[in-house]
Amino acid sequence: MTNPVLIFVFAGLLPAVGVVYAIYKGKAPQNYIFLAISLALYYGALTNFRYLYLFSPRFNYILAPIIYFYGFNLSGLSKFIRNRLAQIVLLLVIYVTVVFFIFLAMPGDYTTKFLQDPKIRQNPEVYERMKQLFGVDDPWYVKYYKHMKNFFNLELGISFSEYPKRVEEIIAERLPRTLFLFLASSVLSFLLGFDLGKRIAWKRGGLTDKMATFVGIVFWTIFTPFYMLILIWLFAVTLRLFPLSGFITPTKWFDAPFSAQAVFIRLLLTELFMLVMWIIGIVVAGRLKTIRAKRTAIWGFVIGGAIIAFVYWAANGMGTYALDIVHHLALPVIALVTLHFAGDMLVMRDTMLEVIKEDYITTARAKGLPDKVIRDKHAARTALLPLMTSFVIGLASTVSGGVITETMFSWKGMGLTLLEATTAQDTPLAIGCLVFTGVLVLLAHLVADILYAFLDPRIRY
Amino acid sequence: MSLENKGKKTLLEVKNLKKYFPAERALFARAKHFVHAVDDVSFELIEGESLGLVGESGCGKTTTGRMIVRLETPTDGIIKVYEKNINEYNRMEYHSMVQMIFQDPYESLNPRMTIFDIIAEPLNIHNVGTLEEREERVMKLLSEVGLTPPDSFLWRYPHELSGGQRQRVAIARALVLNPKLIVADEPTSMLDVSVRTGVMQLMMQLQEEHSVSYLYITHDLAVARYMVNRIAVMYLGKIVELAETEELLSHPLHPYTKALMDAVPVPDPEYKRSEPNIVGNISVPIDPPPICRFYDRCPFREVLGNRCKVEEHPPLKEVAPGHYVACYAVHEGKIMK
Amino acid sequence: MIVPVIKVENLKMYYKTKMGYVQAVDGISFELEAGESLGIVGESGCGKTSVSMTLLRTLPENAHFMGGHVWFNDNGKMVDLTQLPEDEMRHYRWRGISMVFQAAMNSLNPVYKVGDQIVEAILNHYPDTPIDQAKAKVAKLFELVTLDPKRMEQYPHQYSGGMKQRAVIALSLACDPKVIIADEPTTALDVIVQDKILRELKKIQKELNMAMIYISHDIAVIAEVSDKIAVMYAGKFVEEADSTTIFKRPMHPYTFLLMNAFPSHVGPKKKLFTIPGEPPNLLNPPKGCRFAPRCPWADNRCREQDPEYVEVEKGHYLACWHPLTEEVRQNELRK
Amino acid sequence: MKKLVLLGLLLVGAFLLATQVNYGIFADITTTNVWNLLGAGSTSWNFAVQIWKYPSILGMNKDGMLIPAAAAEIPKLVKEGNMWTVTVKLRKDMRWSNGAPFTADDVVFTYTTVKELEIPGGNWSGAYEPEKVEKIDQWTVKFYFKEKRTIRIFYDTLMTTIVCSNYWKPIVEKAKKQKDPVKWLLAQEVIDPGIAALNLGKIEKGAFAQVTKQVSDDKYWAFGEKSIYYKNGGFAIVNPKTGFKWQSDNPKPTGAVDLEVANGPFVNTIVYKIYGNKQVAIQALIAGDIDYIYNPVGLTAGEAEQLRGQKDIKVVSNPQLGFRYIAFNMRKFPMSVKEFRQAIAALVDRDFLCNQVLKGRAIPLATPVPPANTFWYNSAVKTIGEGLSMGERYQLAVSLLKKAGFKWDVEPVIDPKDTKNPVKTPGKGLRGPDGKPVPEIEFLSPGMDYDPMRAQTAMYIEQWAKNIGIPLKLKLTDFNEIVTRAFEEVNFDMYYLGWGIGRIPTYFRSFFHSAEMAPEGNNTPGYANPEFDALIDEFEFADNFEQARKAIFEAQRILAEDLPYIVVFTNPMIEAYRTNIKFPYDTVLGGINNYYGFPENVKKVQ
């Protein structure tokens, strides 16, 4: 860092603001101890003073702000978030350690398999060279230290099976695809499951309920690969409505001046943008009183977001390519939505049935509220809470759980990568995938907790 | 504090009993604040006598009962049964002397056990008698608690019985080892009126037949009136007044006891109660100040000038034979009876 | 002539179960004038809560309306609530008849602010009310039930039990109902709080001149707040009279035994009566008088024929073949 | 104006002629860097998409014959002082796709770079063999070797991939300046020039890899070059464009031509689409999204059935490079008796097992060298019992046992004329030449769930043996148990496993040489025959290929008599393609995918 402005901001201004704020806010002497530790960690990382950081300077940048906030007597949600962040960092260290030792304990790895090649064994020179290259002979603690250091430096090592590609490169390539597919399908199946679940619970016992429950259970229990194959056969081979598999049509992309990855990342961002617009819509709707106003707000934001997205794609010249990807997305999304909405629907139905028994629903009815208001505003809103948690947490697990989908639709994402890495005993890549999935799960839990706190006023930490 | 001791042994002696619960749960830190659920409670119980612990929810009456049956460990204080610290008894020995009946007959019986198994369980644990003898004992108890003919109940499950019948089963189970003391925690509050009287009468009858003592925990003064010889009124972890039942009901001294009595509806439309003389609402005793627990709600807190505000919680003091009150104003006769 | 606010005639409502019909409400009748309060007393499972649900028609799906009428006085016009289509019925709920629920702890939606839930009720029935005005009204109601209006912005979990109960009372008053049904309004509360709430309810009722139906198993509570008392047993009213009569001169054996089974902490310590046996199962109630199997005075007629519910003296209704005389009562009490 | 019309016509023509074929593969190509491709990055998919674009000095034709590739002729191994040398004359007509001529510089650069930078990977190990590689002139290279390892030199060293030096030289120079030159070099993701007209084009990770024509037909040196297979086994290469010619010495091509393969490319584009799943790829083949599934493990019988009825799809079946065999533990009696092994071998009716029991799902195979590997297969070796009926087989087995001095308590009576029940009286109580009863012989075979083919056939073999009184006891067991007992504990009587093998019978040493005894080596039977060992050494250090071939022929004859293994059958490699493409041939050992050269030979049928 040589830029004097940056030095001023990061070494002077930022810590100074923190110190002033802490002194202004702090009350007891012990508060200043946290401040001192936090500053030490921060400057340790900034000056690269290696006795002041555990694994990597970047880890210090994570730790310093968390410890800094321990200097305050926070309360309520902010305290909860701070504590949760600290727990997550701790869990992360433990998780990364556990993953490392699991793989350490596993017999054999890619290298031993690779070194078994008779052509290599014939030639001791090549053999030694390979061993040295892969670092096979390091003792476990050296491996562990390297592992932790590399993790917090976001250097996950070099994949064996895609040697000499870096693991983070591979993950960076695969993660957006997985996220894109699963975000789209999860949100859709969540919405579908939520809506259907609340409707059939409301009209419980009726024919629709029985049908929907039956269909839901069928989808819930169906043998996934078989089902997906049927979808492929029906929609892609027989009806030819959608492409068979993969995410792009090769001939269309021969002359594309950019990679599919570039389009993918933009698509993912668009999707996130739409999601954010939707959530903003919901938050705004929460402040409005009538159902109609709420609905208008949500649709307004969603449609507004869609228009912005459309303009963006029309302008950047990738639109047709993006459409190709979206066209390929249709079939896996249909498959995932039909498979997953059932779970959401049944969860929603069950919680709704529980909620319907609650006294405040009787109160709402006795108050003379119209049926739809009771269903949507009183019952579904409360029943949403458990569904929300299962949704957010499920979102994280789909990343690793998408092996079958990714295999069947040739959608090369994290699931397929993890599977291939594990079967090929490509330890760095497998560790990388697991660790990333772990980070996602932890983040999802944090998001779920915060969301829950927002949605359920009873929860105050 | 003992009553006239007609050669009878002291069954239960509770001295300076305390139970503090941490008010917040922290993962690594020790709790800083405590709920003083039971705070320095002392009383005695003589063989054959029954004592009622009366108070509103959160006053510590149930916690006291649970400590006596060793379901909770006291923070401080001594509980003696037959002049021996209860920790010196082994578990089996102790539970053959002290048993408990719970408030909720729906939840206190294991739904997967038959009535026979439920009642005979303590016998099995203590390895008493042969199977035939156990069956005989259970049958006898069943008929004693009014579940007749007993053999028609023996192999049924709790869900097949009504609430009153279930509570009778619970009583039979408590009695099976011939205990000396039964801690009964609101045993009739969940029951319907028409059934409740039956259970109450049964309990009274069994007390005589089996010469068992009750520590009867209830919020209902009227019920306590029929069940016990003496009543201790608790408020926020403290006993504020203790006297023989009729004495207490006819001459309540503590302002809280009075308010409580005034607040209980009377099943007589012609009876006009006076409005309870009490201010504010009940709170949770988290780190309470050392002054009188009732201070905040006491209508007479100004009677002694500043004294109630600065002095510690008033001790239980005998103001009439066998009538103890914890109130400075009462000691000094500032509150008229 | 004083026109009743609500008049119930031979109301019947059964629950359909796999084993048959549960005769929860089996032909009850009563009427109530403005400013008057009726206490319905009965043990658990006798169908007293089903009465309130039938009046408001907030019944579960397996409930079957089996006949009878609920005449409601809508500004002089008597409307049969049982015959109204659901859409119209909605307008009588809360505006006509409102309710203080048995489980006050849970009758507020935990995810909405308490004030908003009351405002919702007002706006639902008077959609043209400006929100500010509705809020002002809620604030006034809060004051009426001695709650701090600031608490409108709080969520139910921030309330204590007594406060929740007050909020629920405020909620029940939101649309100026003619009739309020208070179903076990104080059951879960401590006695001192219960006392306050009951006093407030009574006060408000008199102030607003509303008709009030109290439903409780606690005879003492009912005795304190009701002008007249109906005793319910196994889905039927067995006796109804003004409260003093019910307590001092009950004619139905069940009423008599029930009144004397109830302990009191004041007055001389009386002997407590027990009623042998258990309440009947409404799925298959006994033939004849439903109390006959437990009644010490029952004879063959009682076991065969169901006594009719008739007015035996002015304002005193009874269904019994052997009404107790003063002599019998005294004999019993002396035993 | 005229010019414009012409240009337009040309464009239209180019569009019409622009042909594309699509192949399905199952994984991404993980590297385009040739140094990595032959090292850690050597996956079958990487090979399928790229390896054909590189030249090597020598090669093999579809029958496994050694032929010159970049060489003008097959060189000789010569002793010079204490060194062995090979002087290679290169073809003068070859050009890289960037236009540079293929010269001795490319050869020398490749071999020296591998050795200098110590580039890792089994496929480079041949390049470590020569002590020195020397450029004699523009088209002559001389290799110096310490040892006369003929087979390795010809089939490994001289078949090493050669890269384009004028493209790679600056990159390698730069690599040498890095901290870790190899790592740096291997990380360079570049598409280098090949010797072919087709080369990698657009690659989309996870979706497809495109191969396009990058040298026009008229400029492409190999366009129209013919490989001619003669009926007599002779082979010739003729390039009418440059006039290059070569023909095999043994046999000399004479008589009728069996097959003539012309070099293309006949298509402009090949797209390798990536599928995550075989079933989906099959659906894609049916739908016409792809024309051929490139798959080194082939299709299962069920999948082949699924495709067989489909319109426009051709299913082909070829023998695999591999075999299933029964091994004897020759350290133990009675497996140590040659006649005993021969008797068992005589009983194994491969035709019956493959055609009747396995309903044609397996191909009978009796030698460790598949007949389709014509250069190395000794067709003169006769298998015991070949062509006999079951009755005659029983008779032969009995007589073999008798010859070795075996006796029975109840001697089996065979009627060879009865085709249905030749065994009139089953044998009982087989006794060895010393008169002691033959102990029960445990026959290990993988179970039904792992491999129904072996399990089913093993049951027949057990029954046949039992019929003449051989106390064979089949144990269907876990695959791993067999491997452990055979290769690690070496504690077994007979077992039934399989091997995958290469074209060159170098595996003879590891399976049967006495220096390769299990558990250190793979010689599980404990076969030790000095005569055989000598033949293997002769094969590996032969002066010429005739000698090597002879040695292997003789080794095959010895194996057929000594029978440490009974080779039973091989699996077919089943593949399918759409009939709108045409491969130069589809009968080839190991299946179509085993021949890497086809991208330039494949044609699109209108």
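Chains here go by letter, A, B, C and D, matching the order in which they are written, and residues are numbered from 1 within each.
By our rule, a contact is a pair of C-beta atoms (placed from the backbone, for glycine too) under 8 Å apart; a residue touches a chain by one contact, two chains touch by 3 or more.
Bear in mind that the values here come from a model prediction, so they are computed numbers and not experimental data.
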Closest chain to the centre of mass proxy, which here is the mean CA position: A
Pair joined by more contacting C-beta pairs (A-D or A-C): A-D
Interchain centroid distance [CA atoms averaged], chain B/chain D, Å: 90
Gap in Å, rounded to a whole number, between the CA centres of chain D and chain A: 46
Rounded Å distance between chain A and chain B, as computed from the means of their C-alpha atoms: 55
Centre distance in Å when chain A and chain C are each reduced to the mean of their C-alpha atoms: 54
Residues of chain A touching at least two other chains: none
Where chain D touches two or more other chains, by residue: none
All pairs of touching chains, each written as two labels joined by a dash: A-C, A-D, B-C
Residue numbers on chain C that touch chain B, as the complex places them: 43-44, 160, 162, 190-195, 198-199, 217-221, 223-224, 243-244, 246-248, 257-259, 261-267, 269, 272-276, 278-279, 294
Residues of chain B touching chain C in the complex: 56-57, 162, 164-165, 192-198, 200-201, 219-223, 225-226, 246, 249, 259-271, 273, 275-276, 278, 281-282
Of chain D, residues touching chain A in the complex: 20, 22, 27-28, 30-31, 36, 39-41, 43, 118, 120-125, 128, 156, 182-183, 186-187, 201-202, 204-208, 210, 269, 271, 273-277, 279-280, 283-284, 286-287, 289
List of chain A residues in touch with chain C within their complex: 204-205, 289, 358-360, 362-370, 373, 378, 381-382, 385, 455-458
Residue numbers on chain A that touch chain D, as the complex places them: 114, 117-120, 122-123, 125-126, 129-130, 133, 160-165, 173-174, 177, 225, 229, 232-233, 236-237, 240, 244-248, 250-251, 253-254, 256, 259-261, 406-412, 416, 420
